[in-house]
Structures are given as C-alpha cells and as structure tokens.
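Labels for the chains are A, B, C, D and E, by order of writing; each one numbers its residues from 1.
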Amino acid sequence: MEIINSFVRAFQLIFEFDKGVYEIILLSLYVSLSSTVISTIMGVPLGIFLGLKDFRGKKVLIRIIYSLMSTPPVIVGLAVFLVIARKGPLGFLGLTYTPPAMVIAQVVLVTPIVVGLVFNNVVEKGSNIRNMAFTLGANKLQTLVLLLNELRSNILVAVTTGYGRAISEVGAVMIVGGNIRGHTRVMTTSIAMLRSMGDYETAIALGLVLLLISFIINSIIYNYQRARGV
Amino acid sequence: MEIINSFVRAFQLIFEFDKGVYEIILLSLYVSLSSTVISTIMGVPLGIFLGLKDFRGKKVLIRIIYSLMSTPPVIVGLAVFLVIARKGPLGFLGLTYTPPAMVIAQVVLVTPIVVGLVFNNVVEKGSNIRNMAFTLGANKLQTLVLLLNELRSNILVAVTTGYGRAISEVGAVMIVGGNIRGHTRVMTTSIAMLRSMGDYETAIALGLVLLLISFIINSIIYNYQRARGV
Amino acid sequence: GTGSSEESSIILATTTSTENSGLLDFLLPIFQEDTGIEVKVIAVGTGQAIKLGEDGEADVLLAHAKASEEAFVAAGHGVERFDVMYNDFVLIGPDSDPLNVKGLAGNDIVKALEIIKNSGEGAFISRGDESGTHKKELELWAELGLEPEGEWYKSVGAGMGETILMAEELQGYTLTDRATYLSMVGNLDSVIITEGDTKMFNQYGIIAVNPDKNDKINNEGAIKFIEWMLSEKGQELIKEFGVEEFGDSLFIPNAK
Amino acid sequence: MNLSILNLTRIYNDKKVLDLPKANIKSGSIYSIIGPNGAGKSTLIRILAGIDNASSGKVLYNDSVFDDDVRKRITLLFQKPYMMNLNVYENIAYPLKIRGFSKWDIGSRVDELLGILDLHDIKSQRASTLSGGEAQKVALARGLVFRPELVLLDEPTASIDPVSTLLMEKLVTQTNKNYGTTFVWVTHNISQARRTADKVIFMHQGKVVESGGAEMVLKNPTNEITRRFVGGDLIL
Amino acid sequence: MNLSILNLTRIYNDKKVLDLPKANIKSGSIYSIIGPNGAGKSTLIRILAGIDNASSGKVLYNDSVFDDDVRKRITLLFQKPYMMNLNVYENIAYPLKIRGFSKWDIGSRVDELLGILDLHDIKSQRASTLSGGEAQKVALARGLVFRPELVLLDEPTASIDPVSTLLMEKLVTQTNKNYGTTFVWVTHNISQARRTADKVIFMHQGKVVESGGAEMVLKNPTNEITRRFVGGDLIL
C-alpha cells in the first residue's frame, strides 16, 4: 500500500512542477553527470593504459584500485572534506558545502570503478586492437581513439556502473555538500532526510523518480549505441 | 595530519583487540560476504541466461537491470523495511533490525550489479563457449559449469564490484539494521555515526581498516585466480 | 502478547542526542542487570522515531518534542506519556563571536536570533528536519514574528551532530541541545553563545507504544523500562551521568 | 548418420546466404563441401550442427528432428576453434569427461590421438597459447575422441603444415573406415577433396550448383563455375 | 627494406621457440617462410613487426633500429585478423584516413583494391559479420592500401578459395613489381611458395634449417627435414 501510494506520489512529484523538487532533480543530475564525465575522462585512459602496459608494481596497483572500488562514500566524503575544509590545505578555495565539492567527492568515488572495469576489458581485447593499430601505422592518439571506439560498449557499461554509483550515493555528497536547501540538496540527501523525518512515502516517490531518470538515461545511451550498430 | 593520525589510530584499532571493534568488523564481513555470495548464486546464472537467450522484452529487462544498478541504498533499505516490518507482509518473520534483514537488503542492492556486469561479458564471449560445449555434447548443467570456468575472471570482477558496493554502503543496512550496538552495528554505520559526532579520526581509522580488509580479500581472490593460471 | 523469544528484549526508538551523549550506554547495562531485559536502541530523527512508534516497529519511545508526543498519544498510538528528564538548548557559535551576540543579547535567545538575522553577514544553520530541536527553533522565530529565509539561513536537513559540524565549518550559529554539544565539545571550536533562557527548556518524554498495533510489541518489557526510568534509581542514575566527565549533569531528571 | 535437408534457407538482413531445396547426406560417407568464399558453407554446417537457426526449412537426422539425443552424436569443428582455458590434454579429454568415462579410458583414448597427431610434446601446454595450426589439431582430436556418428569439419587444415595435413586426413579416413563415421568436410583444398572425399558438394552463392561422386564432380564438372574451380591450373 | 637479424631468440617459459643467430631480408624480394606448425614462424614475424619482444638479439631495418618511422613503413597481416567494428570499406580506408589522405584519394585507392580482390559486393557489410575468407581478403587490402615498404604476411590465404588465392597472389606479386615492396610471407602451401617466392626460408623448431633461392630450396633441398616437406608426395 505504502508502495502504491508512493507510485502515485512519484507521478504527482513529476507533474506537480514543484520548483523545489525540480531544482533538486536538476542539481542531482548536474552533480552526478559532471562527476561521471570527469571520472570518464580520467578513468578510461588510465584503465586503457593499465590494461596495455606492463610495469613494476602494476599488480599491486590493480589490487589497490579494486579495493578503492569498495571505499565507503562516507570515507571519501570525509577525506575530501578534510582537504577542502576551512582549516584544510585547500580551505582558501571555500569549497565546502558547494556543488563543486560534491562533484569532487563523487569523482574520487567513481574513478576507481571506471578504471577497474575498463582495465579488465582492455586486458582481454585491447592487445588485438592495439596491435592492429600499431601495424597499420596509427600513432598513440589514433590508437587511443580506436580503442575507445572498439571498446565503446564495454566502456559504456563501466561508465554506467560509475554513474549508478554517483547518482545513488548519499554519504559523500551529504558530508561535503551538507544538504542545504536550495543550494546543495540533491535527490539522495532529500531521500535520506525525508526518511529520517518518517515521510517514507515521499522518500520512495523521489527514489522512483530517480530510477525513472536512470532508466531514461540508460535508454538514450543504449539506443545511441545501437544506432551505431553495436 | 588528521590523515596521519588516522593511520596511527587505524593500526591501534587493529592491534588493540577492542572486542567491540572486532565484533563490528566481523559483522560487516558476515553481512557483506553473505549478501555477495547470495547475489552471486542468483545473479551469475541469471546474467549468463540473459546473455545467451533471446526473448521478447529482453531489451527492456536489460535496461531495467542497468537502472537498478543506480538504486540508492536508502530506497532499497526502505523498500525492504516496508516488506519485513512488523505490519508488512513478512512481518511475522520478525526480521527488522536483525543481520538477516541487512543481508536481504544488500542482496537486493548487489544482485543487479552482478547480473548487469556478467550479462555484458557473456554477450561478448559466451556464445563461442556455449557453441563449443553444445557441439561436444555437454548438457545444460555442464555448459553452465564450463561457462563459469571460462568466464571466471569476468565473473570475479563482477562479484568484486558487487562486494565493493555491499561492504561500503550504509543507507540500506542503517534502515533495516538500525545500527544497534552489539547487534547490527557494522563498519559503515559506525563510520557514519562517528562522523556525525565529529570524531573524524576514528571514522577514518575504521574506513582504513575496511579498505585494508578489502585489499586483503582482493589479493586472496586474485592469487587464487592466478594459481589456477588465468 | 509477547513471544517468549522476545521477552528478553525491547526496541527503543529515540533521538540521536540520548545515544550520542552516551546516556543510554550508561543506563542500559544497569537496566539489563536489574531486569534481564535487553534494550535495542534505534537512534534516529524525532520524526522517524515517532513514525516507528506509529507503525508499531518500536516498543517504546524516548523523544523531546512534547507537542508531537502528545498528539501521538492522543491519536491512540501510545499508551501514556511521562516526563522523564530535561536538559536545555543552547545557542552555539564561533569562538570569536563575530557578531558579538553574547555581548549584545546576554541570555535572551530571541534577541540573539534577531541580531544574527539582522546582521546581514552572519549565518544561522537550521536542522530543518522537523526534529524536536528544529521545532523549538521555529517557535523562537515565531516569537520574533518572522519567517527565516535567505542566504544567511541554511536549512540543512540533518541530524544534530552534523548540523553542529556544519555550523563549525561555516563559522555560523546554531541551536543545539546541551547534551549533544557537550558530547562533541572535544572535536569543536564552537562555544556556547547563549544559554539559560527559560525558553530553552528541553523536556524528554517516554511513551509505551500501543500494544494493540501488532502481536510483536513487547509491552510488558516497555512498561518495565518506563517504570525503571521513572523509578528513584533510574532518576538518580540520570542525574549522575556526566558529572564525572563534564563536571555537571547533562540531563536533569524530573519524573513526577 | 543419414541427413535429409528440405527447403533450407538462411537470410541475413535481406541477403539469402543459403538456399537448399533438397539435399541428402548418406551415412558412412565422407563429403567434401567446396566453393568460393562467402558461398554459405560455414552457414550450412552450423545449421546442421544445430548452433544456428535456419530462416526456413528443415533437416532430418535418421528421420528424426534435431534433439538432444541427435546432438550428442554429432560434432562440429569450427573455422576458428575455441580453446578452453585448460591444457591440451584436458581440452581433448573434456568430451569424455562430461560423458562420465573413467580416468583410464580417457587416458588411453587421448593418448592414442596425441600420438596420431604428433601432439605429445605440447600436451601440457595451456591451449590458449597454441600456435594457429596446433589449435586446429587439438580441436580435431577433441572432436573425434568421443566417436560421434557425424563430424562436421570447417576447414580443419587451413593453418596446418603439409605433413600434419596428411596425418589429419589419414585420421579422418581411418575413423571413417573403422567406425563408419560420416564426415562433412568444408575445404578450399581441391587436392584434399580428391584425396579424401567419397562425394563432393559444390556451393556457390548459397546454392548447391553441383554434387555427386568425387571422381565425377572433380574430374568432369558439368557446371561452368565448378569447372573454373577445379580446372587444371587451379589445383593449387 | 633491408632487414638484418642478429642473435634473435624468444623464450616462453623455458622453451626456446625462436633461435636465429643471423639472417637477412633483402629489399624488393618476396620471401616465403615455410615449416611445420609450431616452428616459430608467427613468432618471428611478430617480432619483426615490433608487436612482440625478442628475449635477446636485435633486428636492423635499413641499418636503423625499430622506431616510429620504421613502424609506419611496415605492416603485418595476422593469422587471425582483427576487424574493426566498421564496414568493409571503412576498414580498408582506415590506414589512409589516419595518414590524412583526402576523401578522393582514399576512395580511388580503396575502390581499386575492392576491384582487384572482388570485394565490391560486400563493401558496405559490417566487417565483424564476414566469412573467414572474406575477412582475410579485407585484411590484405587494408595492409596494402597505404603502400608500406615491408609487408609481413601470416598465412593470408589459409581460408581463401582457390580462385581468390590466385587473385591475392597476383596482387602481391604486382605490388612487389610496381612499388618494390618487400614481402615476408608465411605459408603452408608449398605450391604457393613456388608460384610467388624469390627466396624461401625453411624453419623447424625455432631455427632456420635451410634458406636461399626458391628454386634451389624447393627443388633440391639439402636438408632431410626440408626434403620431407617439399618432397613430391607432399605438394598438396
């Protein structure tokens, strides 16, 4: 029953055009998509590099990255907080309780996931592609572009997984963002707050809105991907 | 500095043999490993099945699974709570605020991750393996065993990613477990609680212990895997 | 009724202040020794604590939002509400007190809030989560006859501890119960700016959840717990708590 | 095993890559399927093996439709064989293992094949590190070890050196003689067809353009396209 | 492009799969490398192409060590070619595209090769769906389209039908004649070596056991093993 009410409430929330809710949804998307994009830009090349190059200490590095995939968001939030806090080394930037801080924290959280998953796919299929590019005369950049193209369905899964982590986590954004109404309140922090206020219905409704958005984003990405013939 | 202190504190925590901390660590491991094992048992065959079979509505199902990878733990916790609550449909089982409830919530959270990642690998490499098994006369079960064996490094990454989610999430276990000291308090809920009390040092120390454990578990798994020659 | 396996334990839904301050850690082992009943503590926001009571997910509530608690009993969710103890709210802020609130307002909390509001550069951090503390804060603004809104007023929707930490980081002011503040004081630079106003009285009540809600509720245990808390021994222990560490009681027992 | 093929087609996008109104495979014979690249040879034998679906039509195996029982008596050697992440010995032993053979039986059968195909030196090597030709030899051994009634071969000697090619051909003809195994063998090597086949099927653009006794098709092709293929200067 | 090979070895685990004290490849010639499966042929040409590392020794390319400049003038056709997830035309055009050729130049060069290899019908087909032989043809076109000075071929006609095999051989000999391209061609097809090669290198167990003019090695092999390979009854 509570669940059914929540569905009804979810649609109300969407069609109600409640400005507050829309702001929250938009900020959520802004923060998670920004951090996913940044993590992708940093993590995909790193994953490819690790997948193709051999060097001393690589094995340990890989295990560290896999371990970082299990870092609790609260810890990431805390670590980032201590760095950007008023008394921290980057305190002069005044980043605490701002959306950029939330993006930074999520980047720290999501990048290991992207690196770890991309790495694994590159180990398997990357060397064939790299060797082909190598023998056809491609330079480093061209090889990278080719790898991105050929592995795009794998990269997409890695990025989707990372995005899933970003949009759904609450621990990190809560600490560095502070859930300030009208400033840094996002869907997950709202959900946590509503929950702690005992308003399960609206909490679940917001959760459903979030899932709906994820579904739409996934559908867009996979349609685009299929249109390119994968 | 705070970070350095935390490292010191982390080692103290480990060697201090504080019974309370050990209980918390053990319960964390018990809950996350149980839920990962259950998610693996359910999710791996499902991912393999989805990767090999074609049926109507499969595409939508896949997108739903990818979307479920982005479900906020708080929502999963809440949904599970409403089902197992005293007045919920499974209330008679008396599961609220018990470790089994935490396992259930994490299974709901982790299974889509395992299914989604396994699915993707099976789509790519599964049909070659399946075809070979098919032509050599393997039955369904033997084919499944073979797929598990041949794809074990991919499955391992999927399971590691799922485990990473389980051990690090706080939203779901907090709601269904309640962070009851001596009963359902785990590392992440302790960390969240310590953090909200401003005790950053112990919070980070516990976080480091958690990462160390993840690192050890990863190393064991990957050594085992390498011993089998992958 | 109660299942035999549940007889030895009850679920207490309470606000974070009672758990984080260490009061329950102090009391509950003694209670268990006396009665054999184990108390499982779910420390959540006041809103959720009351919701857990309404849904029959907890056996007994210990909260500090008198109006909501009375409404809870009036609606039949609880049996009866008893006063247990009180502490008080304090306004905390940066050590430097840049707005000189302390100097200008003395112990007048309403005046203090007015100064913060009018300064144009101060920051007030509100819990914004409909907790007991938040409701108290709204009462005080209502007395000033104004709606707190604007850049200076940050509604953070968080627990007490987190709100204090944010005030500390933002060099702002916030209203907190004394127990939570004292339990965190070692990790803080913020100091008490305003205290002692009679308006800042913070009453805790205890209520047994209506056992008719479902057959899992351990009403017997809940009643034993309430009786114990209200007993001379319970009240004495509450008074004792904190004296050693902070030099003064954190909670003042006042059962009738 | 007798096969009868009826109205079999396979369509990709809008391209009909296979179109066989009627064809038969007679038990106990060795068939060579030859024809240009893209003629539909692999497509045909993949459908016969049950790992690809026809767009229409049907195939009967000893008058029965494809089922699990039929499947276990057939095997297919792929153009690009998949090697399990095990060593060579274990790869070859696999079909026997899943059929519950004893360790001793497995050992003797596998050793026999290792000997015939000259694979003893690499029997403990991880199969994924094999050279191209080595992998094809292992795949042949793995396919024959459980003595299927029908063996479908997709260019099994494409990367095999001449000496080993003869070994493999001998293994196939011997197996055919000893156990009455039916072989359907896709090859681009006309001399190989000559050496091994009882019957030859020539395919072109999805159709069978000529078929019959090996002597007849290879020596006196009636069809123009076949002639171009098997004509003197093309016996490579 | 002249190659000089000095003390080249490759060791896997404890097995020396390649061991060449000294060898030379002369610019403008076509070399056939023949020898049994596992002889180290693929290993050798992968090292020459720079995609595998020797365990010891070195190779000089026109007296220079392998560097980016050398690399861009060499290509290698793999035993199992990788096809990009693009169509056939785009696969062949790729090496020109990354070299910044104009659309028009790309079009004319690619079309020419599509014509020579009879690939026009499938030029818009996604390369991952090609038949085994079609993929090898496309890989050859892709390797030659940018006119490298040295082309290393690893059994490029293994899955090719006889008619197309002749087309490909002709393309190689023509390219050699027109542009002076050096070819090092691994094959198991002795007649193919006879038809195309200026020089033949015979490998066995990682070593060169015989090499020299094609006529000489193939007609009058001095070595016993070579004789077994190229002897009359083995011209398959």
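Everything that follows uses one rule, which is that contacts are C-beta pairs under 8 Å (C-beta built on N, C-alpha and C of every residue); 3 or more make two chains touch, one makes a residue touch a chain.
Remember, predicted model here, so these are calculated numbers, not experimental data.
J.: What's the minimum number of touch steps needed to get from subunit B to subunit E?
T.: Shortest path length, in steps: 2.
J.: Taking contact as defined at the start, I'd like the list of chains shared as neighbours by subunit B and subunit C.
T.: Correct list: A.
J.: Measuring between mean CA coordinates, which chain is farthest from subunit B?
T.: With centres defined by C-alpha atoms, farthest from subunit B sits E.
J.: Could you label the subunit A-subunit B interface same or different, taking same to mean over half of its residue numbers are used by both chains?
T.: same
J.: Centre-to-centre on C-alpha atoms, which chain is most distant from subunit A?
T.: D
J.: Taking each chain's centre as the mean position of its Cα atoms, how many Å separate subunit C from subunit D?
T.: One centre to the other, that is 80 Å.
J.: As a quick test, compute the distance in whole Å between the mean CA positions of subunit A and subunit D.
T.: From the centre of subunit A to the centre of subunit D is 49 Å.
J.: Would you mind pulling out the distance in Å between where the CA atoms of subunit A average out and where those of subunit C do?
T.: So the centroids are 36 Å from each other.
J.: How many angstrom between the C-alpha centroids of subunit E and subunit A?
T.: 46
J.: Could you list which residues of subunit E touch at least two other chains?
T.: None at all.
J.: Can you pull out the residues of subunit A that are in contact with at least two other chains?
T.: Where subunit A meets two or more other chains at a single residue, that happens at 195, 200.
J.: Two-or-more-chain contact residues of subunit C, please, as numbers and ranges.
T.: Where subunit C meets two or more other chains at a single residue, that happens at 158-159, 162.
J.: So which chains end up touching which?
T.: Between chains, contact exists in these pairs: A-B, A-C, A-E, B-C, B-D, D-E.
J.: In their shared complex, at which residues does subunit E touch subunit A?
T.: So the residues of subunit E in touch with subunit A come to 49-51, 68, 71-72, 74-76, 78, 81-82, 84-85, 94-95, 98-99, 126, 142-143, 146, 148.
J.: In their shared complex, at which residues does subunit B touch subunit D?
T.: It comes out as residues 128-129, 131-132, 134-139, 142, 146, 149-150, 229-230.
J.: Give every residue of subunit B touching subunit A within the complex, in rising order.
T.: Counting only subunit B, the residues touching subunit A are 2-3, 59, 62-64, 66-75, 78-79, 82, 113, 116-117, 120, 124, 153-154, 157, 160-161, 163-165, 167-171, 175, 187-188, 191-192, 195, 200, 203-204, 207, 210-211, 214-215, 218-219, 222.
J.: List the residues on subunit C that touch subunit A in their complex, please.
T.: Listed in rising order, the residues of subunit C that touch subunit A are 44-45, 47-52, 54, 128-130, 154-159, 162, 166, 169-171.
J.: Taking the complex as given, what residues does subunit E use to touch subunit D?
T.: 12, 34-39, 42, 79-80, 122, 129, 131-134, 137, 155, 158-166, 188-192, 228-229, 234-236
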